[in-house]
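Letters are used for the chains, namely A, B and C, taken in the order the chains are written, and counting of residues starts over at 1 for each.
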Amino acid sequence: MSCSEDVSRGVPQGSVLRPLLFIIFINDLDNGVKSKLSKFADDTKLGGKVDIREGGDQIQESINTCVDLAKYWQMEFNLSKCKVLEMGRNNENRDYRMQGVVLERVTQEKDLGVVIDMGDCSTDVTSYLGPGARLDGLEITFQVTEMSALTGSYNTMVGNNEGSMAIGGKLSNMLGRAERLVAQFSYGTKETSYGLSFFKPQTGCFERNITFGLFDVKGQFPWSSVREVDRGVSFDFNFPVWRTRHTVRWEAVWRELSCLSRTASFPVREESGHSLKSSLAHTMVVDCRDSTILPSKGVYLKVNQELAGYTGGDIRFLKEEMELQLNRSLPWGCVSVFCSILFFLGGPTTIRGFNMYSIGPYAESDFLGGDAYWAAGLHLYTPLPFGPGRPGFGDIFRTHLFINAGNLCSLDYGEGLRGHVSRLGSCLRWAYGAGVVLRLGNIARLELNYCFPTGVQLGDR
Amino acid sequence: MLSVESLASQMAAAEPWPENASLYQLPTDDQILLSDAASCLAVQTFLKMCNLPVLVVFRSSAESMSPSGKVPFIHAGNHVVSELGPIVQFVRAKGHSLSESLNEQEKAEMKAYMELVNNSLLTAELYILWCDKNVSSLISRPRYGSPFPFPLDTILARQKQREIVRRMKAVGWAEKTREQVHDEVDQSCRALSQRLGNHKYFFGSPTELDALVFGHLYSLLTTDIPGYSIPEIIRNYPNLTNFCKNIDTHFFLQSNTSKV
Amino acid sequence: MEIIRFLRRMGYKPDSHLSAKQEADVVAFSALIEQMLLPALLHTFWVDPQNYVELIRPWYGASMGFPYNLFLPYLNRRKVISRLEFSVGRLPFITIKETEAQIYRNARECLNLLSHQLGKQDYYFGNLPSTLDAVVFAHLAPLLRAPLLGRTLQLHLKALPNLCRHCSRMLDCCFPTLSAEGGSRPEREQMDANLQKLTELVNKESNLIEKMDGNLRANSKSSGQGKSSQQVPPDISTNGPTPTAGH
């Protein structure tokens, strides 16, 4: 050890040593203190029961101990900031002294952001007590800043096939109980869409809520040479059950399909026209992941069924969908398995290496979609191998190794379940590869992959 | 469009008329309206005149399926062609033509008379169906919306009516009265009658003009529209009614009633 | 057409010399012109940006007076555009260029047909003008005579000499004063118009002289032979004096 030196100057302002040194110094402040002592940075609280005379003596003794310790370490308490707050009734109104000065008694003090207000104990408080209140209870008042009533938003989006600009307006807390009215207008390179929705949570239980919506959505799907216009109303009821979230939805949609070009194939042309769908759907979601974009642990399960045709309209179907994702952290990275079932397969969100929605039944050059499908993937994410810029910027990158597989086909309804399963099992498409994933905030992920598609069937792209 | 059309006709010329060619139109019992029925009948007659077999398929969504939004359309091989004009050209590219033997002047006359039918008779039909309040609410809208469930039937029928009324306004027919419409039809019928004279067909042998005129006249004669007396106007020209009877018996031997 | 019908009912019948078939042809060809030629004419005059802005709007504006000249031409233009849209059809994959190309193709075909139909005759049906001649003239004369800037259709028409002659013939027959002045004249071509007027005056003079000459000769030969030169209207062109039909 080196020899000691006298320190005549304090640590400079803003130095990282400052908090560290402070903590070292006051670490043993509670040595010999009998009352309850709690420290938070430079905030110290001393408390105790004073319903008997000895309680107050004990507190005074603790104060004296603290002052002595501080003096030992050549530090001082800031007396102007020291206050006494008495809680409850039957306080003896005793004076407490620190360094010879009587400490000020207050009925209201702000402690770590929370204002504790004892009120005026002499007045009769029973007049404004709510129902079920107890005389020795606490009244907690939350002071919040309300969101502004009207907010507007403006986004530009680059989506699956087009770029668009979306303008939205939101009326929060319309009728005083957290209702929300959202209007959205989206103007894209190809189409424009509108939407209006009204959200109302149940008073007292935010997770139980209803949403009523109107929409007019137009989209173009060049892989099938189809233009789709959906106009409709929807009604959602969300409620939690234990750890799952359930949604029951009724919607009525007027769908208009038309061909996008003169060279659309005939089966697609045959589907053109108007149809009205009135359907009831139920979704159950369990989400225990730690992030929706790049999760490293947790389970995600979504099961959806939709029944159309029995509440009006001229479309009848029953649709089942399931998506399951398992993520697990490994010491050197994390692995994620996902399995999902969608009507259109192919593309960077399902089976990489195949063009967007370009697997499965097709006619000429248009993809028709199928009646059943499955897809699964195994992804391994590791931090960047040579760790540049870690921690901080490098954290949003991951290297990515994957295997995706799946199949999509039309069903022959006479075959029965066994026939369906064997059909789905044959002509498997799969792809494997590696790449880099970039997480953009909490909204999106950017992937750059090199893929090796295998098991390609005739007509896939 | 010229290059697309010429490319399409070149491709069409390469293949003979397929066996499974089909003609798509709206169902006759409950959905089709006068103007579409006339156009469909004209195309059917034309194909029969060319001796080209075609299967007639009835689809409620035929209008949406058609590449130009109008019925009828034919699906032959890989090609989809709609409306009489393009169908005539398509058929000509395959080597069948009814008007090859005509000279330039006759071809010009044929074109003129076809435009007359389109300009007067077809427009009159559309006016009667969609601009007349009585007819549109009693007949046109219910029939047009019949394949769709509520509320789609009213929405689509009104949408169609608005579109047709706008078109009528654009060509100046929206302000016409019933009498003026009758006058127009009368004038066209007189012109057709004078041109036809005592002959069996307009140009000696059957041509697309005969098909078109037959399509419209037959449909007008056999459809009863409340408030309008179009069949009487046509019957004033007996050579036209004979013309319809003649084509009916000659080309549609299977039809057992001709209400002419 | 309403006016025509009204006049017919009043007893004016320019088609009394036509056969039944020819009368029918009149109706048919009028429909043809309205369906195939008129959209292109409307487009040339009202929709083509050059023509509309430089020519039509000032013309109409000058005769309408304030404040109508501010919006009436614009409203008319809108009406024309909607009519054109409906005549050819509106679909998501038919562009405006294709529609315009189709309209002009129809118009050229129609002009060719009209030219064929006329052939070498003076009028469409025989030696006297009929309603069809009037209809054709009404549609072609503005196209031929207006000093257009966007000129494709005008050039096509000028390449059909029999139609141009027919136009001039009708002009002389029915609007002799206008034909002397050489048609309408916007300010822009003042000098050219003046030159034209001068040339035509000279032509008229020389024609008159030749006519008088012819008359004298005819009178000197024998009486009652040949028609007077008034029945066959002289051609007026700016290329110089043309021989008259007198002998």
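Methods note: contacts are C-beta pairs under 8 Å (C-beta built on N, C-alpha and C of every residue); 3 or more make two chains touch, one makes a residue touch a chain.
Predicted, not measured: the structure shown is a model, and the values here were computed from it.
Participant: What pair of chains has the most C-beta pairs in contact?
Facilitator: Chain pair with the maximum contact count: B-C.
Participant: Any idea which chain sits dead centre by C-alpha averages?
Facilitator: B
Participant: Averaging each chain's C-alpha atoms to get its centre, pick out the one most distant from subunit A.
Facilitator: Farthest chain from subunit A, going by C-alpha centroids: C.
Participant: Whole-Å distance, subunit A centre to subunit B centre, using C-alpha means?
Facilitator: Roughly 61 Å, centre to centre.
Participant: Compute the distance, rounded to whole Å, between the mean C-alpha positions of subunit A and subunit C.
Facilitator: Result: the chain centres lie 75 Å from each other.
Participant: For subunit B and subunit C, let me know how many angstrom lie between their CA-based centres, rounded off.
Facilitator: So the centroids are 33 Å from each other.
Participant: Give me the residues of subunit A that touch two or more other chains.
Facilitator: 258, 262
Participant: Could you pull out the residues of subunit C that touch at least 2 other chains?
Facilitator: Nothing qualifies.
Participant: Do you know which subunit B residues sit against two or more other chains?
Facilitator: Residues 67 of subunit B each touch two or more of the other chains.
Participant: Which of the residues in subunit B come into contact with subunit A in the complex?
Facilitator: Against subunit A, subunit B makes touches at 4, 59-61, 64-65, 67, 75, 80, 148-150, 152, 155-156.
Participant: Under the touch definition given earlier, write down the residues of subunit B that touch subunit C in their complex.
Facilitator: 1-2, 67-69, 104-105, 108-109, 111-113, 115-116, 118-120, 166-167, 169-171, 183, 187-188, 190-195, 197
Participant: Applying the document's contact rule, which stretches of subunit C touch subunit B when the two form their complex?
Facilitator: Interface residues on the subunit C side: 5, 20-21, 23-29, 31-32, 34-36, 79, 82-83, 85-87, 89, 91, 94, 98, 101-102, 105, 113, 116-117, 119.
Participant: Help me check something: in the complex, which residues belonging to subunit A touch subunit B?
Facilitator: Touching subunit B from subunit A are residues 254, 256-259, 262, 266, 269-270, 272-274, 276, 312-314.
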